[in-house]
Structures are given as structure tokens and as C-alpha cells.
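First chain A sits with chain B, and in the next complex the same chain sits with chain C.
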Partner chain A sequence: MTSVPVSAQEQPLVRSKLKSKHSILGLIILLLFLFPLTQLITANNLNYYLHLMLFIFMYIAMASSWNILGGYAGYISLGHNVFFAVGGYFSSYLLLRDGYSPFFTAPIAGFVAMALAFLVGFITLRVRGPAFIISTIALVLVFRIRLDNWERLGGANGLKLPLIDLPVEQIKFPFYYGMLILAIITVYTSYRIRHSKFGLGLRAISQNETKAEASGIPTSFYKIFAFAISGYFVGVAGAMWGYYLTYITPSIFLLILVGAQMVLMCILGGRGTVAGPVIGAIIMIGTNEFFLSEFGSSELNIFGTGAILAAVLLFFPEGIVGSLRKIGRLPAILDWD
Partner chain B sequence: MITDFLNGEYVHEVQILIFSLTLGGVYALMASGLTLVFGVMRIVNLAHPAFIFIAAYISYYAFTELNLDPMESILINVPLMFIFGVIVYRVFLASGADQPRYTEKTVLLTFALALMIEGVLGYLFTGANRSTTPTYTTEVFFTGEAQYLVPKAQLYALLMSLVLIIFTWSFLQFTRMGYAIRATMQNRAAAQTVGVNVKWVSTFSFGMGTALAGAAGALMSFLFSFFPNTHWEWVALLLSLIVLGGMGSLVGAVVGAFLLAGTAGLVSDAYGPSWSPLTFYAALFLILLIRPQGLFGKKLEMT
Partner chain C sequence: MALLEVHGLRKAFGGLQAVNGCTFNVEQGSITALIGPNGAGKTTVLNLISGILKPDKGRIVFDGHHIQRRPPHQITHRGMNRTFQISLNLEDMTVLENMAVLSPVGGMRGLFRPDISKAERERALELLAFVGIAHLAHEVTRNLSYGQKKLLDFASLLMADPKLILLDEPAGGVNPALLEKIIDRVRQLNDQGITFLIVEHNMEMVMSTCNQVVVMAYGTVIAEGTPQSIQNNQTVLEAYLGKVAS
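On to the complex of A and B.
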């Protein structure tokens, strides 16, 4: 990536480090794939842990997806949960009407979210900075009103979905694997984008859009395309999440807090880095779960989310990965860029 | 058209406009603090409605515990919220005001602040809908040949808002501090060069914006019922007003407020009340599409 020449002696060392990093990450993924199977062998009930982990995978996917626009291109969207809702409603509606499993319609739900992102981005990505952020908040509220009044989709009461037909010890398996695969694909996509010409263009936009435009980057196309891609994975996640919850209402998907969580995870982990959203998601869900079980109050949870966000912005604006890299202490295992 | 009005052709519509335009004044007061803070410091204060809610709760307790009329509790709210604003500005927002991506940072910081306030309010006051009920909230005036209904509470709120907005405008226009604030709005660096203490001006204007939120909260306490997490709806509503009027422009905020309040009233009458907020958001998208700097705004480098 950088132009610093690596001396002949160092090269094998770097390569072996890289190799060991890849094998460690590979091993972790393998273990994650095998983990649910232990439930079939041993009698332990792991459903709670499976739930927690698939929740983390989902947010890894959503935060990494958000990062494509918010991190690389620097356009902060506080309304990404709209795509979450669109994905969820699309797949749920098809399940109820025609009986198609959301696992098959999820990729299509992603494309629906993507199409919406194209449309919205075409309007709102003409403005920069704060005006864009405001428009994304308005987008959430527009969809909230629309869905609250959409009788065919159940209005404010939402839709009830059938439970997936599996024995209780396997009931979380499809969701676990679905979310795990989604998370892996999203992080990999995010990595590939970062290293592509497209990603370079996005990062140029986040540095200085006028100069980026002047140097020949098709900025408006890049921005809209980044918005669309970052809507895609959130839409897919929404499709599976609705089926998992077995009911779907505007008030679950279109809370400001849901959109805020994606933003917070990225900023906490490090905006614009590949590993940042992953670390942010793990830490946030972990601490959330801790606060909920210790204090049990969702009000304190809201306060905590706000306080963490403020503290990170004030003291570590580059997040965990960015700050560690700055002081040269980033462990190689977390350096995915 | 005018004769139709006089002949009573549009009685229903005029009545709707009376209801909605009297609310426009309060919208304008709420938005004026927001637009002032943006104008001086380029802070998009997403926590502004949360500040209004804090003030509404103060007024609520002043009303229930001390038997103080919400109009009178403005006198408590304004100094309290001014101090609160100064502290918030100093702790959260003062640093890095001259850095390039300051505005964006403030959006996120005030967003975090709004979440914190929402959490605290929800914890302290629980999720019950509240509003103050001074006697005039249930009374109405009748006016004109067609016997139009004018709710007393809304009329009082409108007059009070107009007084406060005119006061704010005169303050900006005619006092020394007002000169300094407007100079900072126009060009921060140049103002500093000619001897304006921009740091103090910024702190003061943020306090002033928060104090305006305090006054608006007192009026809100008897006009609308409030609930800790409904402040997000107000964020988008107020922001769409000031985006329409032009961010940073006080006149724009007032014009935007009355324009949208009137439109929302008519939409609500025609299509049902749940659709009226959509007017605001639709206006927001429309204005971003057609004229991003708003009606009265100067073209801004929005970074």
C-alpha cells in the first residue's frame, strides 16, 4: 500500500507474519462455523450465546456496510435503518403473501434497499456535510410515518411472521449461519472496496471533494454508488432479522437509536478502517448486553450510548484502530487495511 | 379571492389557517435559537429540541409544584437554560471550532448529547405524556363575522413568541454584543482581526440559543404534550424550517415557520393529521433538491 520499500531481509518476516495473521483469522472463522454444532453433541443449551453472536454478526455487517459511505466517503448517514426496515418489510411481505423464505429473498431485499438508496442518494447527495446528515434523519421519519400508516403492511402494529419450522436446539442455526456469512461477505467487500480504485476515489472525496472532482473522479456517481452498496447489506440484514424476530413493526426498525448504533460502532472502532466496525460492533453489543443485564433500564442504555459516543468523539476521534495505529501499537491481527 | 374570503367562501380553510398559523410563531421561536447557533458557530445543534424538552419539564414542575403559569416560568427557564447552554458549549463544543470538519463533528456531538438528555429525561420523568394545563388552554376567543375560533393558548403563545423574536432581532441589530455576533456570523477570522472576542461571542450566542430554547419550552409545555423520546420528531421539523428559510437566517426561520405551519395545517385537514409532519420532510427534500441554501440563505460551503 505504502511506497516505503521493504528490504530484502524484512520481506520474509512480513510475509510470514501476514500468513500467520491469515491463518489465525481463518481459524477464528472456522471455529465460529463449528461453534453451533457443539449444541447438537453436548446437551448444553447455547441458544442465548447463539443469539448474542448472531446479533453481533448482524451489527458487524451493518456497521461495515455503513462504513463504506460514512467511513470511506465521509458522508455520515443517521438514517441507514431505513434500509434495514425496507429489507425487513420486503422479505416479510413476500413470506406472508407467497411463502418465500426470507433466506432466499434476502439478497433481493438488499437490491430493493439499494434501489431506494440510489433514488434517495440522487437527491440528498447533492448537498454535503450537515445538510446531508439532516436529510437522512428526515428520511427515517418519512418512512416511519409512511409505514405507520400503510395498512397493507400492518401499519403501526406491523406484521406477524410464522416461526421457522425447526426443533428448538436448531432454531437459531439458519440465522446464525446467515448472519455469519453476511458479516464475512460484507467485511470482505469493504476490504476489496478500500483497495480498489473506487475506494481510493471515495477516500479522496472524504479528504476534499472539490479537489477530488478536479482530479477527474466522478464524485457524484461514486457517492451515490457508495450509498447504494452501503444500503445493500443493511437491507439483507433487515430481511433476516425480521424473520428471526417473527414480527416486524416500524417501531423496531425505525428507531433513531438503531441508526445511531451503526454510526457509533464505526466511530468507536475507527471510521474508514476495515477492522474498525467489527471491533466497534463487538464492544458495543458486549457493553450493551452488560448494561442491560446489570441495570436493566433502556433509558440508561440510551444515555450510555450517547455518553460513549461523546467521549470517543472528544478524546479519540479516530476510534480504537485509528488511535492505536497513530501511536504504532496496532496489533497485526487487527490491521486489516 | 379576497371577496370570496369576505363572503365567507373559505370559512373552513381560514379557520384551519388560524389554528396552524398561531402555532407558526412557536415553531419560529423554537427554530430561531437553532438558526442563531448555526449562523454564529456553524453548529448544527441536533440537541436543540432536547433542550426545549428540558425547559418544558422545568415549566411543568414549576406549574405543578409552584403553581407558576408557564408564561411566567419563562423568566426561570431563560437564565437557567442560558447557564446550561454555556456549560454545554464549554464542555462539548468549544474545542476545534476553527478546524475544517467542525460542523460535522458538532452534528455527531450534539446527536450524542441529545441521546444523553433523552436517557436522563426518560429515567427521571418516565415515559408519560405530559403537558401543563393553565386555565386558558381550554378557552377560546371568537372573532370576525364568521365567528372564527381562536384558541387563547395559541394566541398567547404566538404573541409571546413574536415579542421574544423581535427582542432577539433588536438585540442582534442594535447592541454592541449584537454587532459582534453578526460580525462573527459574517466572517469569523475577520471579526477576530478587528478585535471581536470570538470565543466569548460564541459562548454567549450558544447560551442565547439555548435560552431561546428555554422560552420555547415554556410555551411548548401547554401547547403540545411531550414525552422524552419524541424530541427526534422536532429535530427534523425544526431543521426543515431552517433549511427552508436558509440556515443562519433569523428572518428565514420565521418565514419558513409560518409557511410550513400553514401548509401542514391544510395538509392535515385534507389528508388526516398523521400526514402533516410529512409536509415538513417533503419540504426539506424539495428545498435540498432545488435550492440547497434555502430561501434567505447565502451559499455556504457545506463541509
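On to the complex of A and C.
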């Protein structure tokens, strides 16, 4: 009973903190929206930065999407790049055949990826732990072999796509905004799930599946549904990414490394936290870019990124957000859980 | 009237016939004990009833519904809830979250409502207070003591307003004061109309709390009746003593 007056006192404080947090996040998002426009006013060429940022946005979306299954429910998928590929091929094919812009077909590509995730999840989510991980790797290999030999989709050489028809100083704009909006929607979805009954159930599943089931949670349904949602955003990202690159090949999407990237970002930032994948994506792409510019595209840049990852995990075993929260040092601006 | 009917239940693990034609009833409003030597198959029977395991043969009727082929979550939704012999908790989640998980979601539409509503929070705190651990509500469950986890297990069941509660050794490893508390809470809830099926080795608890006793040995029911009649039953004594002697 003594807890009532205390929480009543805390309430206004919490609310004002929340308000300032929201306004800071809102401001950041606003600046991100305005940033490309400065290129139109000033003579600076920002295309390199736009490229880097839209790449980060894309991975924020993909890692956050992965986190819905891999973080909340605890099912590690190394095969999420299959949804990336499916989204890319679906929209590219429609662009070449009927001339539909991938920006319009991307949401549909997401649903195609989602349908595939439903199907795959129905089969593979019966097993857990290492068996599940291996089944997702197998999925990548199956799709790689299939696409390499699918002549209609260009086989191993892939497909060449038409360039988007815009002047060079604006050519990255649609992709920048597309990826930014995708990242915002994905993180928001992840946030909503984290604070819903569905998210609570997924977290229960990650802790103890028998207990979750006995508590009344339809665990199979939850897992498959989570898998499907987490496939969706990766599919949408794939659709835009193919168009951006102006060509697609199986090897762009279906390297084990691409799937592993999402996992590593989540682990680095904090698996199962809302902000973790965001932080993880920024740091990982940021450091990789730094080493690339310092040492060029050599083994050194991979080594450097790996060393940073190892060092961070040594000090933040539960990822940056996860570990900071545990010791009560997480800045309020990153506390979205 | 029987709330739960178990009929001809069988379950084998490989060559081991853990449950071998088990039949008994749990009467509406009763506190029924399920006792028997170690390895008699009691926990397996609870796992079969709650749907965690599927029977090889046999029938389980709960509240008028055949549930032997139903998944556990559906059985839970019908109004049966259980604890596990070794406390199963969601260790990295808070006590409050552990409580909230048991609260019915309400189908697809409830899926995206807030994880813990105000009403659920209040109900959870009330139930935690009922077993005396309300002060731990925001603690991570991992940090609770053995006994506190047992109390949490017990309190969390009530979030779902069950008709039947299955307890697997609630007194196991629990100090006398805590046991007293658990017994008292079971009685109170029983007065409110909740039926109990309790697996227990502590005879003091069985004799003082339960009004019906089912005795198992080697996977079958060897005796059934009131605590008094069981105490004087020759077969039961032999089953227990035989176990001790070997």
C-alpha cells in the first residue's frame, strides 16, 4: 500500500522526462528529413553521406525487424537475407516486366516475404536452438541454388535494372526518404510489439517455452506470426535496395554474411531491446566505413570491424543498450523498452 | 460432480511404462491429493492432464470437454492452471511481468493491447500481497529465493481465474512457516470455489488439507478415498514401505 503515494509523486516527473525524450527524438527525425535538402541550396555534394545514411537506415530497419523474432522470441535466424532477396527479386521483376516502380511494389514485396516467412516458420519453428539456426542457413543455400539457376531471373548474373529518372543531385533522394521512412515504421512497430501482449508472450517464449505454453500462450502461432512480421520489413528493404543498386544478383542478397550482419548488429546493440538494433546498425556500419576509408577495401577493414565488435562485447556482454540498462546507466533517450 | 475425469491413461517413455492405465476423478470443489512413491508417475499424470505431454491412450474430460488432444494453452484457457515441480519462471523478466503473462490476452484483438493494463497491474499486486511478496513486484525473478519463486508460481496462477489448479509438490523444500502460509491460501481459495489437485509427499499437508486422496504406484491408481481410509489401507502402506525397503 505504501507504494501508491510514491508512484503518484513519480508520475509527473516521468511524464515530463518522457515529453522531452519525445521532442528530442522528433527533432532528430525532422533533421534527418531536412538533411538532403541542404544539397539543393548549397553547392556541397552530399551524395556520399546520403548513401551512407540510407545504408544505415536500411540496416536499422532490417536489424529491428530481425529483432522481433531473434530478440523478443529468442529464435536466431541466419536466413533473413532470403526475405531480402525475395523482396528485391519480386520488385525488380515487376519493374522489368510491367514498369511498376519498386517504390510502389515494395510494400507488396514485403507481403510476399511475409507469406514465405509464414510457410518457412510453419515448418522450421518446430525446432529450436541450433537446429533452428541450421534450418535457416539451409534456407539461404536452397534459395541461392534456386536463383543461381533460374534463367528467367537472370541466373547467377542477375538482372540489370533501369536507372531512376532524376538529376544526379537528387538521384539518392527517393531512396534516402524511402529507407528513412521504412526505418521509422519498423522501429515503431518493434516498439509497439515490445509493449504489447504479443511482445510479452514472445519474451515469455524466449525465456521458457513450456512455461509460456502452460500460461495460455499459443506459442506456435506467436512464433510464426513474429517470423512473418520480421520477414516483412526485410522484404520491403530488399525491394528498394535492388532498385538503388540498379542491378540484382543472388550474391548481393544471399551471402551468409548479409544474414549474419543483422544478427551481429542486434547482438552489438542489445538483442531484445528496442534501441539495440538501431545503435548496433549505426556503430557497425560506422566503424566499417571508418576502416574502409582508412585502410581501403582490404582484410584490415573486416578485421577492424571484428575487433571493435569483440571489444564492445567484452565490456557490454548483453549489447550496449542491454548492458547499460542492467547497470542503470542507459541514457533516457535510448530507453525505449 | 466430477470436474476432472481421468480414464485409462497410458504413457510410455521408450520401454518404460510411466503411466499404466490410470483412472480417477477430481470432484468439483474438492482438494484432491495425488500421492505415491517417487517415480510412481504423478508428475507425468499432471503433464498429461495439462497437455504438456500427449497420452498414448486414455481419456481426460475437464469441465465436460475432452482435452486429451488439446494443446496446453487451450487447456489453460478452459480454466485449468498448474505449477511445476521445479519452479518454471521467466527468469529475466520481472515478477510483475511473470504475473501478467498469465493474464488472458483475449484472442487476436487483445494481441496488441498494452502488455500490462492498469487493472492487471492492480490485480497482480493484490495477488502478490495475498501471498506476501508484493514488495518484490519490480524485482527480476532470477533474484528471488526458492520459496519466493514458489509463492510467485502460486500467485501467478490466479491471474487467469482458474477453476482447477494443479500443484506439483507445493511443499517441496519449503520451510514450515511458508508451508503453513501455502496451506492457508489453498484453503481460502477452495472456499471461494476453486478445485485443487495436489501432488505432495508431505503427509501432514495431505492429511490436514485434502478431502480426497488418490494413491499411485507403478503408473496405476492403487487406492482412492478419504485421508482416514487411505491411512489405514494395507496396499498403500506396502507400496510406500516396499519402496523404502528397496
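In this text, the second predicted complex is superposed on the first by the 307 of 337 C-alpha atoms of A that agree within 3 Å, B and C clash if a C-alpha of one lies under 4 Å from a C-alpha of the other, contacts with A are read in each partner's own complex, and residues count from 1 in each chain.
Following the convention adopted for this analysis, contacts are C-beta pairs under 8 Å (C-beta built on N, C-alpha and C of every residue); 3 or more make two chains touch, one makes a residue touch a chain.
A quick note: this is a predicted structure, and the numbers were derived from the prediction, not measured.
Shared-chain residue A:164: touches no atom of chain B or chain C.
Of the two partner chains, chain B is the only one that A:317 touches; chain C does not reach it. In the superposition on chain A, A:260 contacts chain B only, with no contact to chain C.
In the superposition on chain A, contact of A:196 is made with chain C only, not with chain B. By the touch criterion defined above, A:204 reaches chain C but does not reach chain B. Of the two partner chains, chain C is the only one that A:215 touches; chain B does not reach it. Contacts from chain C toward chain A in the complex involve residues 50, 52, 71-74, 76-77, 81-82, 84, 88-93, 97, 100-102, 104-105, 110-116, 125, 134, 137, 156, 160.
Contacts from chain A toward chain C in the complex involve residues 3, 192-193, 195-201, 203-204, 207-208, 210-220.
For chain B in complex with chain A, the touching residues are 44, 46, 92, 95, 103-105, 107-109, 111-120, 122-123, 228, 232-233, 235-236, 239-240, 243, 247, 274-275, 277-278, 280-282, 284-285, 288-289, 292, 302-303. On chain A, the positions that touch chain B within their shared complex are 76, 78, 123-124, 126-135, 137-139, 141-142, 145-146, 148-149, 209, 256-257, 260, 263, 267, 297-307, 309-310, 313-314, 317.
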